[in-house]
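Please go over the structures that come below.
Next, two complexes with chain A in common: one pairs it with chain B, the other with chain C.
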Partner chain A sequence: MPSLVSASSTSLQEEPALYAERPEWNDVTPLSQYEDAAPIAPIFYSAEYKDATDYFRGIVKTGEKSERVLQLTESIIRLNPAHYSAWQYRYETLLALDSPVDVELKLMDELAVSFLKTYQVWHHRRLLLMLTRKPAPELKFIAASLKVDAKNYHTWSYRQWLLAFFNDDDLWAGELDFVDAMLTQDVRNNSAWHHRFFVVFQSGLREGETDRARIIRRELTFVKQNISLVANNPSAWNYLRGILDTKDLPYSRVEEFVRPYALTTHDSTTDLVDLENPPPPPGAQLPCPAAIEFLADIHEKEGGKDRILLASELWRSLADEHDMIRKKYWEYRIREALKRVK
Partner chain B sequence: MSTAPSSKSQLAIPLHVSYIKALGENKDDLAYHLTSHLRLNAVYWGLTALCIMGHKDALDRQETIDFVMSCWDDEAGAFGAHPDHDAHMLSTLSAIQILTTHDALDRIDIPRVVEFILSLHQPSGVFAGDSFGEIDTRFTYCAVSALSLLGQLHVLDGEPMERTINYIVRCRNFDGGFGSCIGAESHAGQVFVCVAALAILDRLDEVDVETLGWWLCERQLPNGGLNGRPEKLEDVCYSFWVLSALAILDKIPWIDADKLTEFILSAQDAEGGGIADRPGDMVDVFHTLFGVAGLSLLGYPGLVDLDPVYCMPAEVIEAKGLRKPWKALERRHA
Partner chain C sequence: MPVSSPPPAPRPTPTDAFPTSTSQTQAETESILLQHIPSNADAKQGLAKQSHMQFLVRSLVQGFPSRYTSQDASQPWLLFWTIQAFSALQVGLDPGNKQRIVDKIMAAQHPDGGFGGGPGQAAHLLPTYASICTLAIVGRPGPGGGWDQINRKKMYDFFMSLKQPDGSFLVAHHAEVDVRGIYCLLVTATLLDLLTPELVSGTASFVASCQTYEGGFSSASQPYYAATPSPSPSPPPSSTSDSTTSAKHARRLLEKPRPPLGEAHGGYTFCALAAWVLLLPFRETEGEQDAQPKIDVGNLLRWLVMMQGTEIELGGFKGRTNKLVDGCYSWWCGGAFALLEALGVGGAGSSAPPAGPSSGEEEEWDDMDGKMVFYRVRFAPDTQAARLIDTLFNRKALQEYILYAGQHPAGGLRDKPPKNADAYHTLYCLSGLSAAQHRISVATSRREQLRKAWVAGASQDTKISESTLPEEVRMKVFQEALAWTEEEGGSLIVGGTENRVSLIMFFAFTRRMQNATHPVFNLTITHSEGLMSYFYGQNLPPRAK
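Now for the complex of A and B:
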């Protein structure tokens, strides 16, 4: 949130004149906020903000929808992008004036960079997109925003909305490459992993994606390769788990892959490059707690006394050494599993 | 030589109380987080924090009620964040929470507020925040909590209820968590609102307790703090979002309570009072509430019980017969 104390230096106005000082605004009666109530949670206004919002209240009262209202709402938004009333009124004004939406979008491009964490910027974009019906350029815009803040929740959520709302095969077509690029930048970006899951498993069947068995193999290979690049990556392990859970596949399918990651030392006895089971990267910190957990889950799911005991040993090692902060959770897993064995 | 613990290892209640009281006295360095679109919410945060610290009367009851009523938007039939602001779901819930805590619900025009809330119910089942149309599972929680506190949950009976629950369920992700809307990433804040809404609606059967409980306890970082999603930074507010979800699922024991307590306490401002998002950062009333709320759920001595579903004093919720199954840690004695 921008500080209300500092004057906006991003204003497009050449002179920093208050609306109260502009003759062309003489016909509007500014309305102050009601300040008589208890000064609990007070507001510290800059003169600029107070002036702009006083005039905003003035034109809301008269219901004016004009070009200068666009100018006024822009002033307010630049000072306080979370002022939802200003956004709402701006949108209504754009509609009333039948303003060129492309121009508005360009302005939003500029504001989005400064105010990425503010929901209203993204919601306003949604409304504009529903008017323009031109989603393709948005993908580039979103990618550019993510360069600034790669994990911004609103930005990713907006991309998901765009893809689902327009549901155009051409829009979906580039997504896997896009996620790949984002993960190449930062393989620990949970938002990117989530987005991949959304694109691959939660958006229906599209042309070229109908061979689900092939898709599953492809995704398993993808996530395993990424784990073999950076082993201690919770998002990747969650993704692996997610594929198997969603498709009801046995965890044992990846037992051979997981095992080396749960060992204390690298197994350097083999030179074979196993594409199906890419090993931990050299220098990786082993054992990988997520792998120990996964192996324990594999044993638990296989069932039977021996396997459950193996699982318990693994959970014990997590509780006592490799993931002590969740000691109580691992002890819970041991207790529950042993109950079933008895 | 004195071995008294430093103020960093204790909750400095008197300091936080005076910090919140001082919010009524125009301190520049606190104003950064207090803009008009949050003002009513800020009053709720401040009041609730005071209640949990046992100092409910530190803010004048009548003045508070008067301020809430000054936020009434008579055109919409609900509450805005500040006088002359348009009604919004968030501020409407805050108003109801404040008036409930102060036993002044009789001031509200309940039918009009119910109408406002219902007007924001979307065909998909989610609620919008305002007529601008922002949708988010947060607003589902606000709607459900508000109606519940007003004793009007029955207005959703039948198809509207099914639609509401169905939308939440569709926000459930492969990791057991919930997002802000269908397809969105699991996020601790969204997990809280979805789980708490399901609790109010008696539909916790829709939660995969084991998987979500595990996802929630995975939020704890080595420094004891909690984050909101994998590979993000710890933040004191997650001490509430994550912890309350765990309380509702009766899984608080799964996290390391001592380390989390230490983390929250280390984010206090030992001089001016208030709690920040993490140690060393600037404090604000939002993080002060959620830090204190988290400590209450962790059984910190000297605090009042908090209901995690409503994020209000437990005895207020119990008196209204709204208590749902949840479990906090036992209150320790100093």
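Now for the complex of A and C:
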């Protein structure tokens, strides 16, 4: 729920009078919401909100687009940032007045932080950016707002939109470093993992990214190292799967890496550091169900009766011991796999 | 019955001795949830139907406190959440209150089509869904009943005005594109007989493009366009203006790249999957199989089951990887499994325990310490009954989450303790509970009945578009939407039958009320039937006993 308190920048001296009390609004006829005096399931609005929205309905009816409409819609937005009609009307008014976009963007810098969780602040920003066509400063703004809420869905998709829409090499240039920084803060931040996938695999080829084999090696190394930092991190395992799926690579390519994570104990017999296959860290809680699942998938994809039976044993161990909440799913996997070898 | 020791405390989510802010919030949540696991049989918690009902009635009659001002642009939603929750609790409304609700909804209809968040607000796809579904529950044909006052032609024009060249729709003019809007539009169009080929063209491939590498779906995807006729290597940025008509002819949508914006998410996944299911009747008629958009159902299933929290999270669902469980995902994720069955995954019959490496034990559904009584106590693994009881998610655990953590002691349901209850979570927890208790699937026999009873050409008078649906497809839309049927013997009720929501009701042995939740619409099946049979001009054959 958005905080209404932090949004208010008004001090006691400039306590806003109701629109009904402002002489300059005399010419507008406020419209109350319902003709029925007592509609079912009413919301108990504050006097301030009721007043502003009554005037807003009045304005919408006459179709007025003027400076004071910007003031009125701002009042409503500060009281209820999810009032999409106020946003929509505000945008149309900005266009009609040819209002300076940088001023509006400045206001948005403030509102975005206060109302991080509403769709409208982020979408309005998009509309403005399509007018200014100056995406570069936005990256910093987004990074700052992710400091407040590192998994905010709107913020991340706004960043992805910005990159894809303007599709400018300079914009993309710092993205991997940005993801690294986010994952260093919290390696379990799935939004950051998704962003990495978006940048590396889903946005077309850019300068320096054309050697795909090298990119795949780089990404595999990256994700393996992160699993070797925190073994039970579903975000990282999903990323590993994502790389292999999207490039149609066999899961068996990482079998050697995965195997120690599916064991119950750490294998301390070797001191050799294999950079290709970083081992589970000493603190890791093993076995890692994600690794057991992965091994089973390797077996299943390799196929053949023996491999399917090996996969089934692993699924069985998940069903009965390591991941019992999903028992029915693991049994389903066994059944489906066995169907194919009959 | 022998008294056995309580089960061991569930294992915390592993942190691998490497705490981050995600694992810290997770641990805090787990410690709170742990306190909600009943320690013994006496502490077992029933569904407090009476107090949830009072919670809902209070808002309906007295109104919503001022913090609900944030929902001022969602007034039809407040009504929908409230009265659909009544349906789940088998509470009916008197004619006077029904009329007041109809009147309030109709005041939100926009003069240019569609419904807004309240009177004088702009039309928007989300409140349009909420309005139509509310009218399905409390409305009726005739003057003042709502159904005949829906301006279908203008609604259709509103829908078309939102359409984008990539097959998606804005949720409102100048607003964002996302799959919630597409779900809301397709449900509304399906219920009101507004589907046309031009309306849905390209939409399935847009939906498919929102599937992420994790398997779930994101909010939207970003289109790239090439100037026709030859594709350019570096596509120019698209202009996402609202006017689609000129753009449609000037640019060609590239198949790739078409990246999802945002990560896989429970709410978007439900909407995308339900939209996909609603578009199935259009598939076979559209050209070659190869050219048809595809989704990765196996990866979707995997993602959905992974969203279910473990024992320490009481088996609630989360909405994204490495996020916290939340009662509303009981429906968005838990409810998605019935939709998967429509795609042939995990239906009764495919979920019987395997014959492979044996677990060496029989299923027992009665809990060890006897704190739970199940509707169906035990079964032999290979029976039809077993197949009906088994689902690919843990339906028992999900019910426990809702009962133990989802209920607010003062009435209403919630995200998680210690949060407050609200109308939104009350509905989606109850819908999720219904999805976990009952087994709903598309019944071949019902589909056949509907096919036989179909009267071609019957419909509302208004012509809504030059683009018309072939009668065959129109019939299929109707059939597929209304062939959903509750499987008898497929219920599993944690805590005993008094916790049952969405009861099947029998009237005088002739008519059967299907009160179970429709997996696509989130209406009761009976309400879905009422509205659709009216707008498609069909008489429904009685359900076979």
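Definition applied: the second predicted complex is superposed on the first by the 323 of 342 C-alpha atoms of A that agree within 3 Å, B and C clash if a C-alpha of one lies under 4 Å from a C-alpha of the other, contacts with A are read in each partner's own complex, and residues count from 1 in each chain.
Criterion: a contact is a pair of C-beta atoms (placed from the backbone, for glycine too) under 8 Å apart; a residue touches a chain by one contact, two chains touch by 3 or more.
What you see is a predicted model, and the numbers here were worked out from it, not measured in a lab.
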Chain A as common anchor, with chain B and chain C clashing or fitting: clash
Partner chain in contact with A:Leu314 - chain B first, chain C second, else both or neither: neither
Partner chain(s) touched by A:Ile334 [first = chain B, second = chain C, both, neither]: second
Chain B versus chain C as contact partner of A:Ile325, first or second or both or neither: both
Partner chain(s) touched by A:Ala112 [first = chain B, second = chain C, both, neither]: neither
Residue contacts with chain A in the superposition, chain B compared against chain C: C
First, second, both or neither for A:Leu162, with chain B first and chain C second: neither
Chain B versus chain C as contact partner of A:Leu94, first or second or both or neither: neither
Touched partner set for A:Ile142, first chain B, second chain C, both or neither: neither
Chain B and chain C footprints on chain A, overlapping residues: 1, 31, 33-34, 36, 39-44, 53, 57, 80, 82-85, 88, 91, 119, 123, 127, 151, 153, 156-157, 160-161, 164, 188-191, 194, 197-198, 201-203, 233-235, 238, 241-242, 245-246, 325-329, 332
Contact footprint of chain A on chain C as seen in their complex: 13-18, 20-23, 59-61, 63-75, 78-79, 82, 97, 100-101, 103-104, 107, 116-122, 124, 172-176, 212-214, 218-220, 222, 224, 234-235, 237-240, 256-257, 259-265, 299, 301, 305-306, 308-311, 315, 320-323, 346, 350-357, 359, 390-394, 397
Chain A partner contacts - residues on chain B that touch it in the complex: 23-26, 28, 31-39, 42-43, 46, 59-60, 63-64, 66-67, 70, 82-86, 88, 129-134, 136, 173-175, 179-187, 214, 217-218, 220-222, 224, 229-232, 253-256, 259, 285
Residues of chain A touching chain B in the complex: 1, 3-5, 31, 33-34, 36-44, 53, 57, 80, 82-85, 87-88, 91, 119-120, 123, 127, 151, 153, 156-157, 160-161, 164, 188-191, 194-195, 197-198, 201-203, 233-235, 238, 241-242, 245-246, 325-329, 332
Sites on chain A touched by chain C in the complex: 1-2, 31, 33-36, 39-46, 49, 53, 56-57, 60-61, 79-85, 88-89, 91-92, 119, 123, 126-127, 130, 150-151, 153, 156-157, 160-161, 164-167, 185-191, 193-194, 197-198, 201-204, 229-235, 238-239, 241-242, 245-246, 281-285, 288, 309, 312-313, 316, 319-320, 323-329, 331-332, 334-336, 338
